[in-house]
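Here come two complexes built around chain A, the first alongside chain B, the second alongside chain C.
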Partner chain A sequence: MSSHDVMPDMGLYQPVTVEDAAGIARQFSTRGWLVGGGQDTYGWLKDRAKRPEVLIDLKGIESMRGIRETADGIEIGALVTLTELTTNSLITGRYSLLAEAAGRVASPQIRNVGTIAGNVAQDVRCWYYRRGLNCYRAGGNLCYADTPEGMNREHALFNASRCVAVTASDTGPALVALEAQMVIHNGSSERVVSAENFFVGPNIDITHTTVLRPGEILTAVRIPAKWANAEFYFEKVADRNVWDFALVSISAAMRVNNGVIEESRLVAGAVEATPRRLDRIEQAIRGKARNQQTADEVAALAIQGARPLNFNHFKMPLLENLVNRAVRGHA
Partner chain B sequence: MEIIRYRRDVWGEEVILGVSWDLLWVVAVTALILLAAHAIFMAVLAKKKAKPSSEGPRIKRHDAIDRAFHWIMAGSVLVLILTGIAPIVGLRISWLNIHWIAGLVLTFVVIFHIIRAIFWQDFKAMLLGPSDFKEPFDEKIKPGKYSFEQKGMHWAMTVLVIAVIATGIILFLHINTPWWNRPAVENEATLGIFFLLHGTATLGLIAFTAIHIYFAVRPEKIFYTRSMVTGWISEAEMKENHDTNKWKPE
Partner chain C sequence: MNPKLTRRRFIKGVIASGAAAASTSLWYSVSGQNRPAGSVERLLSINVNGQVRRVDVSPQETLAHTLRYKLGLTGTKLGCNRGECGSCTVLADDVNIYACSTLTHEVKNKAVLTVEGLRAADGTLHPVQAAFIEELSPQCGFCTSGQIMSAVALLNTNPRPTREEARQALSGNLCRCGAYDHYLNGVMRASGQLS
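Let's turn to the complex of A and B:
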């Protein structure tokens, strides 16, 4: 499949309210495509791998912009760019984990236009799926990546149910670690889903990566005060330092008192189709000193249950080492 | 509305992907309309017969082991249908593992049933002969242990269940399980044909399951359902519905 220089012919809607946008999205259902920053969208469309009839451009909706302080934390509008996340004082001051994660997404140019909603709702990265092949995730009957010759070094270690692609989001694991809430609007009502439950794996829905249904729009992300100014650790390992997706990433939030870990949330990225909460490690380090010894004791728990593919065994020691660093608190 | 779904394979050739799930709605609506029409016909137009008493001497109709088989099979078929259509109707559950485990249960109980039916049961009682086809058209003809409708349902379900099991096992071999990793697919077109057959048999199974459940709860047939729970029917029910020359219970 070759990439095209021009966009395909399609309709364009530019609503200015969430209600109108949701109404249009409902009207066109799977034939419509929501676009914010467009960084995941335009590749699909130019490659003709996805062919929506209409684009619903959300950028004119003012209520989906801005970062606000709330009674219990902050609310981030879905159209807030990744650059804004890295520079906003509320984020950098209280939730530096998210600022760090956003700052490691792709490149400065992409961060300037890419939004937080787009980063969490983006589709998975898989050579075969992105090329437009009719694999499981595209509604087909097989996976091209999980074959003896398949290019699968970027793919999943855990919970691969037929599709072995992983989440490409850097901010997703950070939001799960911060116990964020995702605000979803369908035009007439609103529902709030925890970030942990926002992402869905292929065992639940093989053709989608989030709980968003046709006609629903992610309008905001709320981060509770619970983890404000906690001790954070973020690290992303990729083949390149700029403009690349994670091979493995780790996001950690911890409450530490006199050197002892009272509570923690550790979440790995790029090891399965959703951010992977490392709850066994969270339990194992509770009440223990935050030091190298504790890190050495628990790091191996991170890879229990891993089912590597032909070319991604390296992700296992990588994940183990990142967990080790996150627990001890330094690289 | 499409009947079969097609896709381009990795070489750009058009191959079968499977049955069109538009047909699921066709099957559901058709079954609903036909069963509703039957219910209305029976309520309004059909001759009302006095229901034979369930009191009095009891006649053994099903052994405990056969009743257990029936309900395990029924449970596994319902689980298979529900988990199979869940992703089609947009129900978000982790369905695949439940689906293949239920499939294995069904496979084992069907193998058990085939062996038992051939060697330990009166296999001939379930065979459909030319004389059985007169039964629906002549009220005077009463069946042996099983009526024409029951035999027809049994053999329709037999064909459909064996079809879903056979195609299901082939598809099962193409996914990761605790015992093996999925193999590379040599031929997408062949795999697509198995998906088509599995889906088509499933649609048939859904239709016949709906019919079976409907008749199982109909007032004039519910004593059969009771017998599938308790094992017996009354002597009066037997005499009213069966020819005692053709069926001589133990």
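Let's turn to the complex of A and C:
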């Protein structure tokens, strides 16, 4: 398949209300494509690997902008850019975990237009799938990455089910750690889904990475006050410091009292199709001192149940080391 | 090489002769057919370098395409056309973005600034341009306009950046010649921190 360098002919809608946008999305269903910052979109289209007929540009919808305080925490409009997440004082002050994760996405220019909704709703980066091959995720019946010669260095350690791709999102794991709620609108009603349940793995739905369905729009992300000003740890390891997706990332939020961990949330990115909550670690460190000894005792739990592929064994010690650092609280 | 037919002259000639629309539709098959009703208006007034330009823009057209092939502003380069190199960097409302990965319709209400719009009315170069010349920042020059635009965006918000801040700010601009440190020298000079 050749790579095209220009956009295919398509229609473009620029609605200014959520209701209109959802109506257009419903009308075109799978032939329509929602666009926020577009940074995950245009590659698919230029490659002709996805062929929607119309783009629905959401950026004109004012109600999906801005970051505001609510009775229980904050609400982040879906169109808030990753750059805004790194500069907004509510985020950098109370939820610096999210600011740090957003600041490690892609490049400055991409963060300037890329939105929080796009970062969580973006598709997986498996190059076989991106190339337009008819793999499981594309609706076909084989996986090109999980073969003896398949290039799967970046792929999953856990819970692969036919498809072995991993989540590409850096903010997704941070939002799961912060117990965020995702607000989804279908034009007439709203439903709220926890960040943890927002992402879906291939065992549940192999052709989608989230619970979003045609006609539905992620309009906002709510973060409860529960984790405001907690102790946070974020680290992303990638081959390059800019542009690149995580090989493994770790997002952690902890409540520590007198050096003792009272409660925690640890979530790894890029080790399975969804952000991976490390609940065994969370349970093991509850009531323990936050120090190197605790970290050394528990870190190996992070890779229990891992099923590495041919070329991604290195992700096991990498995940273990990142968990170790997150638990002890420094790099 | 025949000086009368450089690539730039050819592109500008095509645009000047009014053949742009025809050749564009040939090369890029912007047929205008099969488009659902209710889609955006094609005729746009966009603010580029302080001037309002009337231009016929197809719905899926990228800003880099409009700038280069409709408006003749070839200072904005296309390297990868995939948001992976930075040579197409322009400013939209003072924010640096990749013009190859932005639809022109997305910026119709914004002020677009390209490298051609930087110099003053009397021809004086922008301090970043002057400093990049002084520091011999470019090598082949292909990435230069993108580097300039990212540096301008940085200095607009942070007039005296540290070298590390400048490195971060220019990190979305690849340089195939590896002239990174020369560009950083240029940013430090443009911000008055080198003499």
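Definition applied: the second predicted complex is superposed on the first by the 331 of 331 C-alpha atoms of A that agree within 3 Å, B and C clash if a C-alpha of one lies under 4 Å from a C-alpha of the other, contacts with A are read in each partner's own complex, and residues count from 1 in each chain.
Everything that follows uses one rule, which is that a contact is a pair of C-beta atoms (placed from the backbone, for glycine too) under 8 Å apart; a residue touches a chain by one contact, two chains touch by 3 or more.
These figures come from a predicted structure and were not determined experimentally.
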Given the touch rule stated above, what does A:I204 touch, chain B (first), chain C (second), both, or neither?
-> first
Counting only touches as set out at the top, which of chain B and chain C does A:L79 meet: first, second, both, neither?
-> neither
Could you tell me if A:K46 is touching chain B, chain C, both of them or neither one (first, second, both, neither)?
-> second
If touched residues of chain A are counted for chain B and for chain C, the larger one | C
Can A:P148 be said to touch chain B (first), chain C (second), both, or neither?
-> first
Can A:I261 be said to touch chain B (first), chain C (second), both, or neither?
-> neither
Pick one for A:A21: touches chain B only (first), chain C only (second), both, or neither.
-> neither
First, second, both or neither for A:A246, with chain B first and chain C second | neither
Footprint of chain A on chain C - complex, ascending | 28-36, 38-40, 58-62, 65, 78, 81-84, 86, 89, 95-98, 101-103, 105-106, 150, 168-169, 171-172
Give every residue of chain A touching chain C within the complex, in rising order.
-> 5-14, 28, 38-39, 42-43, 45-46, 53-55, 57, 59, 83, 106-110, 112-113, 241-243
Could you please specify the touching residues of chain B with respect to chain A in the complex?
-> 7-10, 17-18, 87, 90, 92-97, 174-176, 182, 184-185, 188, 191-192, 195
Mind pulling up the chain A residues that touch chain B in the complex?
-> 133-134, 139-144, 146-149, 160-162, 200, 203-206, 211, 213, 307
